[in-house]
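Each of the next two complexes has subunit A plus one other chain: subunit B in the first, subunit C in the second.
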Partner chain A sequence: MKLKTIAAPIVAALLAATPALADTSGKRIALSNNYAGNTWRQAMLKSWETVTKVAVAQGKVREVSAFTTAENQVTEQAAQIQNLILQGYDAIVLDAASPTALNGSIKAACDAGIVVVSFDGIVTEPCAYRVQVDYKELGARQVEYLATRLPKGGNLLEIRGIAGSSIDDDLHTGIMRGVEKHPQFKIVASVYGDWTQTVAQKAVAGVLPSLPAIDAVVTQGGDGTGAAEAFRVAGRPTPIIILGNRYDELAWWKKQRETNGYTTFSGTIAPGISTLAFWVAQQVLDGKQLPKDVTVPYLTVAQEDIDTVLARTPVGGVANVEYTQADAEKILRDLADAK
Partner chain B sequence: MTRCIPLSTGKPWFWSFAAAFGAWGLLVLFLNGRGAEEAITAALAFAAFFVIVGLGQMMVITLGPGNIDLSIPAVITLSGCVAMRVMNGQDAAILPGVLAALACGVAVGGFNNLLIHLLRMPPIIATLSSSFLVQSAAISYGRGLQVQPPQALQDFATSRLYGIPINAIFAVLLAATVGVMLTRTVYGRSVLAVGQNARAAWLAGVHVGLVRCVTYVLCALFASVCGVLLAGFSGGASLDMGQEYLLASIAVVVIGGSSVAGGRANVPGIWGASLFLFLLVSMLNTLGLGAGIRLTLTGLIIIAVITLAGGETSQR
Partner chain C sequence: MFQSAILSQSVFRAALPAVTLILLLATIFTLQPRAMSVFGINLMLNLAVPIALATMAQLFIIAINDLDLSIGSFVGLVACIGATWLNDSPLLGVAALAACVLAYACLGALIHIRRLPSIVVTLGMSFVWLGLAVMLLPTPGGASPTWLRQLMSFRAPYVPVPIVASIIIAAAVHYGLMRTSYGTILRGFGGNPQAMRRSGWSMLRATMTMYALAGLFGVLAGLALLGISTSADANIALRYTLLSIAGAILGGCEFVGGRVSPVGTVLGVLTLALAGSALTFLRISPDWQVGAQGAILIVVLALRAAVARKES
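Moving on, here comes the complex of A and B:
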């Protein structure tokens, strides 16, 4: 065991010293993205562009392109994948419009010898790789955090995402698990906020009149300041609202912290996960044997980190981490070690 | 002519108010009287946004078969982003910000009309394609910006006058203006005339092209007003802020009793339908039913209201 821990950095150094240059320098990788109309997706595309540009400049791959469909429709993305197959890309990295409906196109891509890596919006087709965070754990973690803040428990308002999506299901399941474990908490209402501030604000304002005092709001990200506005306009005290790393949420948190010492928890999937998916595709093209499911930690922002995170997050963006090839290799190695 | 204008005589708007009242009643019943007033205040504040875009959509739809504006969500987003960018959180820059946003609205409306009139594109295609252009402009201009609105704008948008949300007062005044315009001005009567029979209106000397142009510009202008108010009300502009207003703007027109075939507008109905849509969702949320049942019930209740309102008009 000890030997292994000593040996690992040496192996890593050796791996880094012999880059995959020879093997993937002629490869072409495409991003198939189903939606670009919100903060998170914009940050995701930006990260992809930053990291892949460097990768191409360094000769790690020959060409990287990003394609986004206009209408967030499954049929449109399926057609797009068919086009990418015909264009002869070596790997397709995708944020999928549906976990199941694209499986036919993805199977066709795999059969054509193309490496398919899904992330964020993942697909169930077995031949594809899945890069994702553990949303169930993130849901449970919110309640865990609240249990440390409110040991006596209290009333929770749950803001869900978009009905029917796998992410909404997983986060909700996680939150329910947390509440089961800490029965002193009670979810008194649950509304759908579509991960959008304006929608969340309206939904919360609609149910607030019917609700008793709310101690905390469990959320899915992108809905935190909407909930805060609804409480403020209704003239109610601000509960502990779990946030989702958006710039406006962190800026709001900072302002609250300065005026009344407000404390909360913020965490979500980092948009830079697209860059990890890119490296997974590159590593597979390089001939590495990888597990089909790559789970990475979600990004959290702690009370004391707000200022530094805000400073490096673009206005209107999302707190982010981008992965270099070395980072990706380390994550994949740790994953292999854990197995 | 007057027989065809149900603004003063007919009552298709009655059902939308009845439905809104019913939803509110059920909500209050469930609340045991607690928070009934709060529920109305919230409904007024949020329905106001539906009303503002609904009035524009109503005038466009009234122009006759095929007329519809699908670019409303994109205009809301673009004008919200432009306003927040220009204001940049400074109270002093509120006026230039509002003007810039309104200019965006006028420009998009004019562009829509250009596509429809000069290129002879069907409005549904013209406004859909312009919405792609506008949304892309918003994305590249805003890059997901959520700039905080100036404090004065935020305070104003969420303020209340005698307990009534200020944006609701604004929307009532706007609705009254549109109502008077449709019944008492040459332009308004021309909109109705064009909607009833464009060729007859043309033969009667109505400048059909000009009327259509003004209407599309007004619709986009209202959407941009909504964008600025919404950004002030909800603490900033975001790329998805207009999303839910596409179907909502059409729904309030139809539920409110305006004719989808054009030629008959119904201003009070827009208010009734907007209140109804908000209260319906709030009521179902308060009852705490599952997502599937909520959506199914929403659909069924809307069908029921439209059937009732439609049954009333078909007996004429």
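Moving on, here comes the complex of A and C:
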């Protein structure tokens, strides 16, 4: 009995010292995801589950759920968001099927007092937060890298992603910018690979016979080994293929490096960005003033790090970074300082 | 005895969509009391309005024993036209939308004159519509005309607007197709085209009218969807093709015989829309949701088949 009376003020003092714990411990956060059909999305969902489970166990938030639409359809995701509003979630974190077509539902969520944070596939509705990497810069960086490897330039093959998404558009714009800056490069063909190896292989195999010698392949990730396989089957020399951090791509790179000293560049968005978006939502619920655009660096894998990255990436996964609350707070603080 | 059997079957057919909808609503209100408000019903059903319009388009086609596999991409194209031309230069936009309706009427003529299977023609057209939409709006975007956005976000106090809109759609199509004399003739071409032709009615004209009506309702669906989403995307409504067929069947329409029910169809669409909400509130994994929607459809069809067999 006595112990309790002594303990109570201590607990109260502890709670007061960590206001974040007190402020969002009753909050509920939902993830709305439009697609789960490739390795990146699977890794993203897994990261979300790992990090949010700990957050709930620690009492940072009361409940976290993840909802994926069965088909990658805008109308389905719009309906899903409206249902989440009705279920009374305090925040909705989403990977959007379209940057614009969900705006009506998102506005309805904001009007209902719900915090909306989009990541990866972002939305343009001004009331929502956007957590993303600079895809345009990543596109330009691919050409910058090639300029150091092939100072005389050469023929490029471009593999694009899924037509109509903000990601595909930004990466393509970036690559075009890079080619403008380094006019010694020429894009001789452009195909859609849907960020999926098998699709990319089929698309590249389809255009290869009509193409001149290809010096390098600029990609969007998830399409590197498919392209390599298409070149091998066609009996053509393997060009410099930009990779996107997938396990199979890194494993292929490692094998090539061992046999012929192959060098290339690998970079993409870490699937764990979903966890950063989660913390952004939590921080906003906590009453923090944050900028609407949170841009983080994309993840690159250097030649010398392949082995270590491969060792900690699950088979069929993607090289990843998950964010803790402290990481997120630091990123957001740095962002505020930079302003 | 025979008379009453027929009567009870038609009563059952008419009542099934309504009963399903009421059961579903009761489930939702129990699971999520928050949904039992004008705000809740607005949220759950506002996306059902464009689906109801698209399903009506499908109903016109089904009424003459055809099937439209292109309605989803057509609605997407309309949304893209609305978000670009209709917004920037309204005259051009209206002309383009009128051309869309005309194109639908011509499709009807093509299908009738060349005796082509509608499934093949519309499947082909679905790629044409999608291609045009992507050409018009290569990346998602554009903006809904302000009047359209205001119209679709109009909220009356105490009355859920989507319900009112659904009633208006159902009543309008019911009157036109079930109550007017030319509506009966149009449906007659689904029931017995031979007889209709012999009694001197032009099948070409009927087919073209039905396809034009489908085009018109497709346009309305696209505009309604654009008003809700506020911007467009070529892929925005691909799911509508399947939803419109499911809604029509759920609402008591038959694939052959010109047997359609506009009121039942609207109820069917509302049921499908609410089924998604109910499954979310039940916390059924979304992977199962499409399967569960399919299961609901099969159960309803099985019930109908069972009753039909018993009666015969």
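In this section, the second predicted complex is superposed on the first by the 320 of 339 C-alpha atoms of A that agree within 3 Å, B and C clash if a C-alpha of one lies under 4 Å from a C-alpha of the other, contacts with A are read in each partner's own complex, and residues count from 1 in each chain.
In this section, contacts are C-beta pairs under 8 Å (C-beta built on N, C-alpha and C of every residue); 3 or more make two chains touch, one makes a residue touch a chain.
A quick note: this is a predicted structure, and the numbers were derived from the prediction, not measured.
With both structures placed on the common chain, the touch criterion links A:Thr198 to subunit B but leaves subunit C unconnected.
Within the superposed three-chain arrangement, the count of touched residues of subunit A is higher for B, of the candidates subunit B and subunit C.
By the document's definition of touching, of the two partners only subunit C reaches A:Asp169; subunit B does not. In the overlay built on the shared chain, the residue A:Gln80 is in contact with subunit C alone; subunit B does not reach it.
Of the two partner chains, neither subunit B nor subunit C is touched by A:Gly261.
In the superposed model, A:Gly287 makes contact with neither subunit B nor subunit C.
In the superposed model, A:Ala70 makes contact with both subunit B and subunit C. Of the two partner chains, subunit C is the only one touched by A:Asn103; subunit B is not. Contact with subunit C, but none with subunit B, is seen for A:Gly88 once the two complexes are overlaid on the shared chain. On subunit A, the surface touched by subunit B in one complex and the surface touched by subunit C in the other have residues 70, 163-164 in common.
Taken together, the subunit B residues at the contact with subunit A in this complex read 27, 30-31, 34-36, 38-39, 42-43, 45-46, 132, 135, 139, 142-148, 158, 230, 233-236, 238-241, 243-244, 278-279, 281-282, 285-286, 288, 291-292, 295. Chain contact summary for the complex, subunit A toward subunit B: residues 36-39, 42-43, 46, 70, 160, 163-164, 189-192, 194, 196-199, 201-203, 205-210, 225-226, 228-229, 232-234, 246-248, 251-252, 314-317. Per the touch definition, subunit A reaches subunit C in the complex via residues 65, 67-71, 73-76, 78-80, 82-88, 98-105, 107-108, 124, 163-166, 169.
Against subunit A, in their complex, subunit C makes its touches with residues 32, 34-35, 40, 43-44, 46-47, 51, 134, 138-142, 153, 225, 228-240, 273, 276-277, 280-281, 283, 286-287, 289-290.
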